[in-house]
Amino acid sequence: MEYQKILDTIKAETLNKTSTGKVATYIPELAKIDPNKLGMHLYCINSGHYGFGDENERFSIQSISKVFSLTLAMSVLNDELFDRVDVEPSGDPFNSLIQLEYEHGIPRNPLINAGALVIADVLVSILENPKQKFLEFIHKITGNTSITINPKVFESEKKYSYRNASLLNLMKSFGNIKNDIETILDLYIYQCSVEMSCKELATAFMIYANSGKTLSDDVQIISSRKVKRINAIMQTCGFYDEAGEFSFRVGLPGKSGVGGGIAAIHPGYYAVTAWSPPLNPKGNSELGMYALERLTTLTGFSIF
Amino acid sequence: MEYQKILDTIKAETLNKTSTGKVATYIPELAKIDPNKLGMHLYCINSGHYGFGDENERFSIQSISKVFSLTLAMSVLNDELFDRVDVEPSGDPFNSLIQLEYEHGIPRNPLINAGALVIADVLVSILENPKQKFLEFIHKITGNTSITINPKVFESEKKYSYRNASLLNLMKSFGNIKNDIETILDLYIYQCSVEMSCKELATAFMIYANSGKTLSDDVQIISSRKVKRINAIMQTCGFYDEAGEFSFRVGLPGKSGVGGGIAAIHPGYYAVTAWSPPLNPKGNSELGMYALERLTTLTGFSIF
Amino acid sequence: MEYQKILDTIKAETLNKTSTGKVATYIPELAKIDPNKLGMHLYCINSGHYGFGDENERFSIQSISKVFSLTLAMSVLNDELFDRVDVEPSGDPFNSLIQLEYEHGIPRNPLINAGALVIADVLVSILENPKQKFLEFIHKITGNTSITINPKVFESEKKYSYRNASLLNLMKSFGNIKNDIETILDLYIYQCSVEMSCKELATAFMIYANSGKTLSDDVQIISSRKVKRINAIMQTCGFYDEAGEFSFRVGLPGKSGVGGGIAAIHPGYYAVTAWSPPLNPKGNSELGMYALERLTTLTGFSIF
Amino acid sequence: MEYQKILDTIKAETLNKTSTGKVATYIPELAKIDPNKLGMHLYCINSGHYGFGDENERFSIQSISKVFSLTLAMSVLNDELFDRVDVEPSGDPFNSLIQLEYEHGIPRNPLINAGALVIADVLVSILENPKQKFLEFIHKITGNTSITINPKVFESEKKYSYRNASLLNLMKSFGNIKNDIETILDLYIYQCSVEMSCKELATAFMIYANSGKTLSDDVQIISSRKVKRINAIMQTCGFYDEAGEFSFRVGLPGKSGVGGGIAAIHPGYYAVTAWSPPLNPKGNSELGMYALERLTTLTGFSIF
C-alpha cells in the first residue's frame, strides 16, 4: 500500500486547513510553543515507518503519559487495580468532581486526571523509585534512552497543581489514596513532563498494536489480554468528553495530551501519532484529530 | 475454526453460573418471562450459523431496536442528524435529565432514551407510515416477514411512559422535538415491542458486521461509512453506564435491551446475540454479557 | 411614622435608577407590557394604606399565586402535605430536574414550579371545582370579587407549558402525581393568569402579616401556626436562587412573579407590594427588589 | 413571662423523647462524648438568664464558630467580602463540590465549609495573629477570658482535614484563596476546636439579638445593619440542607455544630442555645432542634 502517498495527501490537506484552536497557556512553557508545528508518524507492523513535518521534534506528551503509567501498573497488578478505578467514560468535563464525590472517591477511568492520580499512587506503592522506573519503561518500549523530562515544564506544572491536589485530597478523604499527596503529585507531574517526538511516540505505542510486544526486538512488555483492555479503555475514555466524537470520526483507540499530541493504534496493523499544538474547545489537538480522521478515511479502514 | 465447540463450552459454563440478576418487572409482560431462558447465536461471514439453547425463541428486543431506528434515520439523512443528537457516552444513569437540561435539550447519543426519542421524532418527520416502515426495515434485513410486535407489551408500555413523556416535553421546551408527543411515543413504544429470536437478531445485525450489506442477498442497506459510525456509537454508548465495562470485558460494539437480549458484532467477521432475562444492576443481561465475554476470550480475538 | 414620605422618597430614588432588567418575553402577552410601569403599595396593620405610581393597575401575578394555592391546600390539609413536597430551598435554577430525579419526585419546596404543580394536584384531589375555588379564595381575602384571570395570558401559557409537562410526567413516574396531567396543568396555568393590582395584592397578603386573619373583617382564613410556616417557606424559598440575596438585602418573607410583581410582609406590621416589569437575570423584578430594600433600610426595621 | 416554667416543660418533654440520632464519630474526641448530655440556656434582653441541665458544661462549638469568624471579617470589611462568597442557601449536601466547580470557586455562603474557609483566608489576610484574635473576639463578646480550644480536638481534626484541603485547593485553582493552604486550615480547625457552654454561647449570641451590641456593657461590636445581614444568612443557610426545615419548625435564625450545639436568636428579644450530642441524618442535633421548636411553640412567637 502507498502509505507515504496517503500521508503526503494528509499533509497537504492539513496545511491547507485553518485551525481555530488555541495552544494551551496554563503554563508559560506550553504557551510559547510555535502553533504552526505539525508532524505525523505512521509505524506499520508490516511495512515500517512513514511520516512528515516535525515528526522528529520532541514535545510535551502530557496526558498521553497516562497510558504508559496505566500499562506499568497493569504489568504488575491484575484486576484488583480496578477496585480503585473504574473503566467507564466520564461523560462531562465538569463531572470529575461531582462524580468523584457521588461515587465515593472511585474515579471513572484511569485516563482522566483523578484516575491517573490513583495510578500514580499505585506506582508509588509498588515501585522503589517510581520516577526512574517510569522513564526506564519508556526507554525500554522505544529502545531510546535519551528520552527524558523537560525540567522547566516540570517545575512550572508544580505551581499549577491545585486542582490535582484537590482531587487527591478528596479521594484521600474517601480512603482511595494511600501515599503522601506531595509524593504522588511529584510523580504525576514528572510523567506529564516527558518529551517525545511523533516517531518516538509511535514506536512506544506499537506495543498496543502488536499484542503487547515491541516490534523491533519482540519483547513481551505486557500480556496480550491486558493490552486489549488498555485499548478498550483508550477507545471509550481516551479523549475526555470527546471520546465518542473521536471514535465516531476516527474509529481507533487513542489518547491525546494538551501538548497537542495524539497517539492512536489499529490493533494488528499500526501505531500512528500526530502533533499540532492548537487545541479545540474540548482540549484535543484540532489538526491532529483531523489528520487521523483523514488517515482512516483515505485508507478506508478502522477497527469498525 | 470450531465455533460450535466454543459455543458448547460457553453453554456449559453459563448454565453452571448462578445469576444474581433480576428480570425487568416494570410491566407484567416482561415480569412473567421464565428467568432460565438462555440462548445464543453466532452468525459468521465465512462459515454461517452456530447456536444453542433458546436461540429460536422470540423475546422483546426493547432498546436493541434503537440501533435499527438509528440506521433507518441515517439511511435517509446525513450528518445534519447529529445537530440534534450527539455521539458521546452519557456517563451516568441519573444524568439523563440533568445533561439534557444542561445541554439545552440535545441528548448525549442516539442509544439512550432521550436520543432514541429524537430519532423517533425524525422518523415521524421523514417517513409516511413510520411504524410500518420500521417493521419493513427489519423484514428486509432479516429476510423474515413474520417478525412483528407483541401487542400486549405495546399496550402495557404505553401505561408506563411518563418518564419518556417527561424527556420529550423537556426537549420540546428546547425546540428539539418537532412532532406531536403522543405520536412520537407511539412509534417509540412500537419499536421497543418488536419480538425477535437470537437467530433473527444476529441475522439483522449482520449488516453492521458486513459493511452495511445483508449477507444472504448482498443488498447494500446503508453505506459502509455510515455503518462504521453506527458501530462506533454502539462501542461507546451501547450499554448505558456500563459501556466501558462491556468494551473492557468483551471488546465488541453492541447493544442491550431490558428484555435480556444483547447483540454485538465483530466487523468483517460475525454478528452474535445472547438472551438471558435476568439483568445486572446496570440493566444489562448478566449471563448475556458473560457469554459474550467468554466468546471473545475463547476465540482470542476482539476488535482490540 | 411618616410612611407616605418614605414611599415618596423610594419613588424618587427608584425612578432615578436605570433598570438593566428585561421584561419576560416567553409569551406575547407579557412581552408587550410597558417596562416603565412602576407601582408600590404598603398596607400597615396600624395605619392603613400608602402607595404610589401604578399601584392600582392590574398585572399578571404569575408565581405569586403559588402562595395562595399553598395556603388553600394547607387550610384543608395538615403536615401530611409535606410528605409530598419538602420545605428546603432549591439551590440552583438548573437543579429543578436533577433534584427531582435524585430525590425521587419529591420537589424541594412548594414555591418552585415542581412543588406548585404538586400543590395543584392536591387541589384537584380535594376541591370540587378548583379553578373557581381558587378565585373565590382570592375574592375572600381581598374582599374584591372583580379579580379574575386574563384569558389571553391563560391561552398563551397553555402553548408554552412543555417544561411544566416534563416536570409533571417525571413526578408521575415516581408516583407523586395522582391526577390527570392536563387537568393539573390547566389549574396551574389558570392560577398564574390571575391579574391583581399592587393594592389588591397587598390586601391579600395582609393575612400573612396578620396571623392568618383578614384585617378588614377579622376572618381567620388559616391558623396562626400555619401562617408562620408559610412565612418561613417564603423566607427561604420565595425568590428561587436569589432567596438568600432577598433575605440579606430586604429581610422580609416574600414572593416574586415573572410579571414583575413582588409581595412581602413584616409579620405583625404590614404587607407590601411592588411592581416593575423588567426582571434581573435571576427572574425577579429588579426595581421591585430595590424598592423593598429601600423600605426596610429607610424604616430601619426588618424581621432581623 | 414565665420563661423558667416553659424551659422546665421543655426539659421534661425532651428527656421523655427517645433520640434516634448518632453522636459524631469522625474523631475520637467527639465520639466519646456522653450522648445523654442535655442543656439549654435562654438569655432574654429584658429578663436575663434561664436554663436547665448541662447548660454550664463546655462542648466543642465546631461550625457555630463560623458565625463568629464571619462577624469578625464583616467587622473589618464591607460588601467587597461578598464578591468572594455568596449568601445563597446551598441546596444539597453533596452539592458543595459541584457547585464550587460550576460557580468557579465562589462558595454559596459563609456557613458551609467552603465559605467558612474563604472567611478564614480573609482573616489570615487582614489580622496579624488570627488565632489569638479569634479567641479575643469571643472573650470580648462573652466577657469571659477563660474560653479556649480543646487541644486534643484540634490535633485530632488536623488528621481528618482532607476534604477541607480538597475544597481549599479547588478554590485556589480558581484564584479565590490567597494565603497558604496549611495556614488557613490551621486557623479553621482552631476556631472549630473552641469549647463553650450553652450559657457562654447564648451570651455570645446576644450581639445578634441586640443589634450588634453586648448586653452587659453595651459595646457596639458590629453595626446594626451588618448584624441584620448575618441574621439573614443564618436564617437561610445556618442548617445545611435542613435550613428550610429549621426555619419552618423553629422560625429563628441560628447555627448548628456537629458537637451537638445549636445557637439561635430572636432579634430584639433573646438568644437561646441547646446542646445534645446525637445528630440527625442531616448533621444537626436532634433534641436540640426539638427543644428550640418547643420554645417557639410554647412561647407562641417567632420571627414569623
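What to note about this one:
We call the chains A, B, C and D, going by the order they appear; numbering starts again at 1 in every chain.
Everything below uses one rule, namely that contacts are C-beta pairs under 8 Å (C-beta built on N, C-alpha and C of every residue); 3 or more make two chains touch, one makes a residue touch a chain.
Keep in mind the model is a prediction, meaning the values are calculated, not measured.
Least step count on the touch graph, chain B to chain D: 2.
Separating the centre of chain A from that of chain D, both taken as means of CA atoms, is a distance of 48 Å. Our note on geometry: chain A versus chain B, Cα centroid distance of 32 Å, whole angstroms.
Spacing of chain A relative to chain C, judged by their CA centroids, is 54 angstrom. Contact of a single residue of chain D with at least two other chains is seen at no position. A ring topology is adopted by the chain contact network, closed into one cycle in which each chain touches exactly two others.
Those residues of chain B whose C-beta lies close enough to touch chain A in the complex are 86-92, 95, 99, 108-109, 227-229, 231-233, 235-237, 241-245, 247-248, 251, 253, 267, 297, 302-304. The residues of chain A lying in touch with chain D in their complex are 94, 96-98, 100-102, 160, 162-163, 165-170, 172-173.
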